[in-house]
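To keep things clear, I will list the structure first and then write my remarks on it.
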Amino acid sequence: MRLTPDAKGVFPIAPTPFHPDGRIDDASIDRMTDFYGEIGAAGLTVLGMMGEAPKLDGAEAIAVASRVIRRTRLPVIIGVSAPGFAAMGSLARAVMEAGAAGVMIAPPPSLRTDDQIVGYYAQAAEVIGPDVPFVIQDYPLTLSVVMTPGVIRRIVADNANCVMLKHEDWPGLEKISALRAFQRDGSMRPISILCGNGGLFLDFECERGADGANTGYAFPEMLVDVVRLSAAGERAQAHDIFDAHLPLLRYEQQPGVGLAVRKYVLMRRGILASDAQRKPAGGLSATARAEVDFLLERLGRHDPRARV
Amino acid sequence: MRLTPDAKGVFPIAPTPFHPDGRIDDASIDRMTDFYGEIGAAGLTVLGMMGEAPKLDGAEAIAVASRVIRRTRLPVIIGVSAPGFAAMGSLARAVMEAGAAGVMIAPPPSLRTDDQIVGYYAQAAEVIGPDVPFVIQDYPLTLSVVMTPGVIRRIVADNANCVMLKHEDWPGLEKISALRAFQRDGSMRPISILCGNGGLFLDFECERGADGANTGYAFPEMLVDVVRLSAAGERAQAHDIFDAHLPLLRYEQQPGVGLAVRKYVLMRRGILASDAQRKPAGGLSATARAEVDFLLERLGRHDPRARV
Amino acid sequence: MRLTPDAKGVFPIAPTPFHPDGRIDDASIDRMTDFYGEIGAAGLTVLGMMGEAPKLDGAEAIAVASRVIRRTRLPVIIGVSAPGFAAMGSLARAVMEAGAAGVMIAPPPSLRTDDQIVGYYAQAAEVIGPDVPFVIQDYPLTLSVVMTPGVIRRIVADNANCVMLKHEDWPGLEKISALRAFQRDGSMRPISILCGNGGLFLDFECERGADGANTGYAFPEMLVDVVRLSAAGERAQAHDIFDAHLPLLRYEQQPGVGLAVRKYVLMRRGILASDAQRKPAGGLSATARAEVDFLLERLGRHDPRARV
Amino acid sequence: MRLTPDAKGVFPIAPTPFHPDGRIDDASIDRMTDFYGEIGAAGLTVLGMMGEAPKLDGAEAIAVASRVIRRTRLPVIIGVSAPGFAAMGSLARAVMEAGAAGVMIAPPPSLRTDDQIVGYYAQAAEVIGPDVPFVIQDYPLTLSVVMTPGVIRRIVADNANCVMLKHEDWPGLEKISALRAFQRDGSMRPISILCGNGGLFLDFECERGADGANTGYAFPEMLVDVVRLSAAGERAQAHDIFDAHLPLLRYEQQPGVGLAVRKYVLMRRGILASDAQRKPAGGLSATARAEVDFLLERLGRHDPRARV
C-alpha cells in the first residue's frame, strides 16, 4: 500500500520507546502501534524528529520501522532525512522493501534560495526512486528553511512522487489557504496536507483546508476528534474539544522538553512502559512532572479519556 | 521614579498606534496609556519589538516615548536596542531626560559565546551610564542568542544597574527556577523577572517564581488577574482564567501576524482608533479576521470583559 | 551628479577616522578624501560596513557623509542600511540633499525566500524615492542572505533606480558570469558591478566582467592598477601586481580584525592620524602589528609605493 | 598506533576519489595514500568535510577508511561527525578496530552556549570510549559554533582522550596564541594544534605556535615546506614558498567550489584518475578550469613541483 495524495486523517508521529537502560522496547512499540490503530489513526509516521531517529544506528532504524510496519495494517511513513543522500537512499530502500507506504524528507538547514530548495528535492526524489511516494516536511522553526507556497508548487510539479506536505510553518494558516487556492486555480495538482507543529493550530488548520494532522500529541484521540468534527462541519464541538486540550498541548509543544512530556503522558496512560529517552536527553524535573500531572488532572474533568 | 529590582506585576508591551496613512496617532496613544493604568498595570514598556520601533525615526521614537511618560504616573521602560551603541546611547539619554524609569536592551543576533554576551552588556551598561536601570531581554527564538542562567548571573553581578530580566526563553520554566535558586543560595542578588513570549506560559511562570508579565496580549486584564491570583495562591482560579484566554492568546502569539491580531483586537475594544501598522507590515486576511472574531465570541462566554 | 549604471573603476570603501578619544577626526577625513582622489579612484563609498556606521549617531553620520561630499568632486555613495525604513529614509534624504551620488542598501539578515528579498528592495526603493540611485549589497558571508542571479535580475527589473551591484558573494565568479550573460541575452538591462569581499578575487572578477572594485584595501592604488590593466588586456601584469599584494590583502581580509589592519596601514602611510576605532572595537595585538609590519616590509620589495 | 598530543607536521585532509559514474576509485585511493606518504606527511585525515563523507553510506565509509589505514604506516584520523551519537559511535568503533589512530569530531550547528559545547564533547567522548583519542574540529565559518579558548581548555580538561585541535577559526591567530599561553601558565595541558581553513594563514599560524597543518591543499608539499621551514626558523623562506602558492591556495579555498578545484589539480597531477565528485556536486565551469590552469602555469614558474 503506497501513500497517495488523497490521504486524510491523523498520522501520529510515533515516538521510539526505550527501556531505561537505552535498549529499544519492542513490547512498547507493539502496544503503541496497536493503540494508534484502535483510536482511529489513518496512518503512522516513524523516525520523525520526535522519534529520536539520530540516536538509532542504521540497523536499529530499519528494525524499528519494520516492526511497526509488520504490526499494523495502516500505512506507515518513515522519516529518512539525513545529512547525505547515501544514508537517505539506503534507508529508503530498506524501509520500502519492508513495506513502508512512503518516506518523509526534511530539507537540510543550509538551504537558502528557492532554487536550492527545489533542487534539493529533485535530487532527493531521484535518490529514493520515482516509485517511492514522499512527504515534504516544511518546518522552518527548527530547520530554518523557508518554503513559499510557490516553491512547494514547484516541488509538486517537478516530482510526481511528491504526495503529501507535512505543514508546520508558523504562522502557517495563510499558507494552507494559498496552496488550496493553487489547486482550485489549476496551477497545482492536489496533494495531501497534514499538519504538525505540535497541533497548536489544528483547529483552524482543518478549517483552512488541511486534510488532517501529522503530529504526536499524547492524546491523539483529540486530534482524531478535531479532524472528524471539523470535516463534518461541527465547528463549535471541534473547538470545544481542542480548547479543552490546549493547556496540555501547549505545554507539550515546548522545544526539547516536549518529547519528555509526551513520553511521560504516554507512560502514565500505560502505552509506553517507560518515558526513557536515549542519551543525550533532557528529562523532566520533578516540578515539571507535577505540572503535567496538574494539567492532566484538569484535563480529566473535560475529557474522560484523559483520566489517567 | 527609577525602575528597581523589586518591580512586580504586569508591564504591558505597548504597541505604537498609527493612523491608516502611517502618521502616529496621538489620541490613541493617550487612550491606550490611560487604559493600561485603569486595568491595574504596574508599568509600561514602549518601543519594544512589538512597538514597531525600527519604523520610527529618532525624533519620532523620542516623541512617542515622551508622550506616554507624560501621560501616566506608572514607570515606563523604553526599548533602546540598536545595531550600534551610538543610537542606543542617544535614545537612552533622551528618554531618561524625558522621565523614563529605565531601558530595555536586547542582544544583537551575532553574539554567540558566553563572554561575548557578558561583554556586550558591559559595554551597553557603560554607554547608557551607571545610573540608568536596564532590563535584559532574553529572547532566543527571535534573536538567536542563548543565555544560560549562569550568563545572566554574570551580567547581574557585573552591572549594578541591571534590575530586571524580560524572560522569554522557550522552553523557559526551568530557567526561572534556576535563577531563583541562585538567589536563594546567595550567588545572585535578586532581580525582577517579568515574562514575555506572548504570555504563553504565564500560568506556570508565576508559579516558578516570576514577578509578573511583560507582554502585550490584547486583554492585559487577564495577565493582571493571573499574576494576582497566582501570588495569592489561588492556583485553580489563575489557571481557569488563563485557560479561557489561551485559544486567543495562542492565536495572537504567531510571529509576524501576532501584532496585526493584537492591534485588531485593541481596535475592536475601542482602545486604538485603527489597527494600522506602518509599512512594511503584514495585515490580516479577511479569513484571519473572521477567525479572531470567532475566538472573541467564544471567549466572551467565559470572560465578560471580552465581549467586544 | 547621480550614480549611473555605467560606473567603472575603483570606489574605495572609506573608513571613518577617529581620534583616540573617540571623536571624529575631520582632518583625517579630508586627507583621506584627497588621497582617494589622487590615486585615481572613480568614486567613494562612505558609511559602509567597514565605515563603523552603527557607531555614529544620526547627526554624526550626516556630518561625515557631507564632509566627504563637499571635499571631493568624485561621486559619493552612502551606506544607508538600517534595521528599519524610517532611519533608512531619513538618512537617504539627508545625504542626497547634501549631494550624494546614490545610496547602498544591504538586506536585513532575516530575509530568506526569493520573494522576501525582492519585496524588501521594492519597499526600500519606495522609501528612498524613485530618483535616488541605489546599490544592492550582496554579501551572504556576513548577512546570511543569499541572492541568486535571478533574484538580482528581478530587483533590477522592478526598480529603475537600481544602478549597481556591490558583488561580494563567495564564491562569486560564476555569479558575475551569469549576470553578464543575462545582459547579453537581453533579459537584464546593464548595471555596474563592483566587487567587494576585500578584493580577494579582484584579479579574476575583472576578467569575468566586473566593472571595478568597491572595497577598502589599504593600498587602493593596487586595486586601480588591477582594474586598469585588466581592462587593457594586460593580464599577466594585472596578476603580477595583484599577487604581490595578496599576502597583505589576505591578512587584511580577516573578519573583525580586518578594519584594525586597514586603519593601521593607513596610519603608517600617513593618511590617517590614528588607527583608533570607536568602541566596541577589537584592536591589534603587538604580535599582529609586527606581522603587518613584516608583510609591509616584504611588500615594499615588490611595490615601491608600499615602502612606508 | 594511537594519536598523541605531541603530533606535529602535516596531516592532509584526503579527498575521497570517485569514478565518473560515482563508484569509489580504489586505485586512486592507493595512489593518493602513497603520495601523501612520499611527500612527508606526518599522518592523514579521512572522511573530513572535504572527503564527501555524507555521500558515503555506512559500509562505504568503513571501507574507505580501512583501505587507507591498511595502505599506510602513517597514523590515520577518521572524521566521525554525525547528527546523532549512534552513528558516531558505530563508525568510531569500526574504524578503531580497523586500526585508526583517532577520530575527529565537529560540533553540531545547533550548539550555542559554552556549556552546550562542553557538554556535547563530554557526551561524544563517552560514546567513542575513553581509550579513543579525538580531535576537536573548531570551524565556526561552516558550523556556526564559536568556541572561546576557555571552552577549548574546558574540553581538554574534561576529556583525557582529547589530544588535538583542528584549528580553523577565522580570524584565528590570537586563538593559537591564547591556547599556547594557557599551556605556558599551566592552566591547560599541551595538545597538538594543527591548522585547517584551507591553509590561508598557515605562514603565521606556524609562527604563533601551531604544530602543523590539517588541510587538503592540492600541493601538500608546500604545507610540509612551510611547517618545516618555520620550525627551523627560516622565516623568509617559509613566506616565500607560501606566497608563491597563495594565489592558487586562495582560489582553492572557495566554499563549495574548493573541492572541485582540489580534485581537478590532483587529477592534473596524476594522483587521482578523475576529478569526479559524487552527486550532489558543483563542478567547475570551463572558465574556472581555465583559471586554475592559468594559476598552475604561473605557479610553475616559482615552484617546479607545480609544473603539471
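A, B, C and D label the chains in the order they appear, each numbered from 1.
The definition used in the following text is that a residue touches a chain if its C-beta (ideal position, glycine included) is under 8 Å from a C-beta of that chain, and two chains touch if they have at least 3 such contacts.
Each chain and its UniProt protein: A, B, C, D = Dihydrodipicolinate synthetase.
The structure displayed is predicted, hence computed values, not measured ones.
Participant: Just grab the chain with the largest centre-to-centre distance to subunit C, centres being mean Cα coordinates.
Facilitator: Farthest by centroid: A.
Participant: How many degrees of rotation bring the Cα atoms of subunit A onto the matching Cα atoms of subunit D, given to the nearest 5?
Facilitator: 180
Participant: If you average the CA atoms of subunit B and of subunit C, how far apart do the two points sit, in angstrom?
Facilitator: Subunit B and subunit C have C-alpha centres separated by 38 Å.
Participant: Distance from the CA centroid of subunit B to that of subunit D, rounded to the nearest Å?
Facilitator: It comes to 47 Å between the two C-alpha centres.
Participant: Take the average of all CA coordinates in subunit A, do the same for subunit B, and state the distance between these two points in whole angstrom.
Facilitator: Chain centroid spacing, subunit A to subunit B, equals 33 Å.
Participant: Among the residues of subunit B, pick out those that touch two or more other chains and give their numbers.
Facilitator: Not one residue in subunit B touches at least two other chains.
Participant: Name the graph shape formed by the protein chains and their touching pairs; answer line, ring, star, complete or other.
Facilitator: The chain contacts form a complete graph, every chain touching every other.
Participant: Which stretch or stretches of subunit B touch subunit D in the complex?
Facilitator: Residues 112-116, 140, 144-148, 150-151.
Participant: For the complex, give me every residue of subunit B touching subunit A.
Facilitator: So the residues of subunit B touching subunit A come out as 170-171, 173-174, 177, 200-201, 203-204, 207-208, 239, 242-243, 246-247, 250-251, 254-257, 285, 287-288, 291, 298.
Participant: Please name which positions on subunit A make contact with subunit D in the complex.
Facilitator: Touch residues, subunit A against subunit D: 53-58, 60, 82-87, 89-90, 109, 119-120, 123, 278-280.
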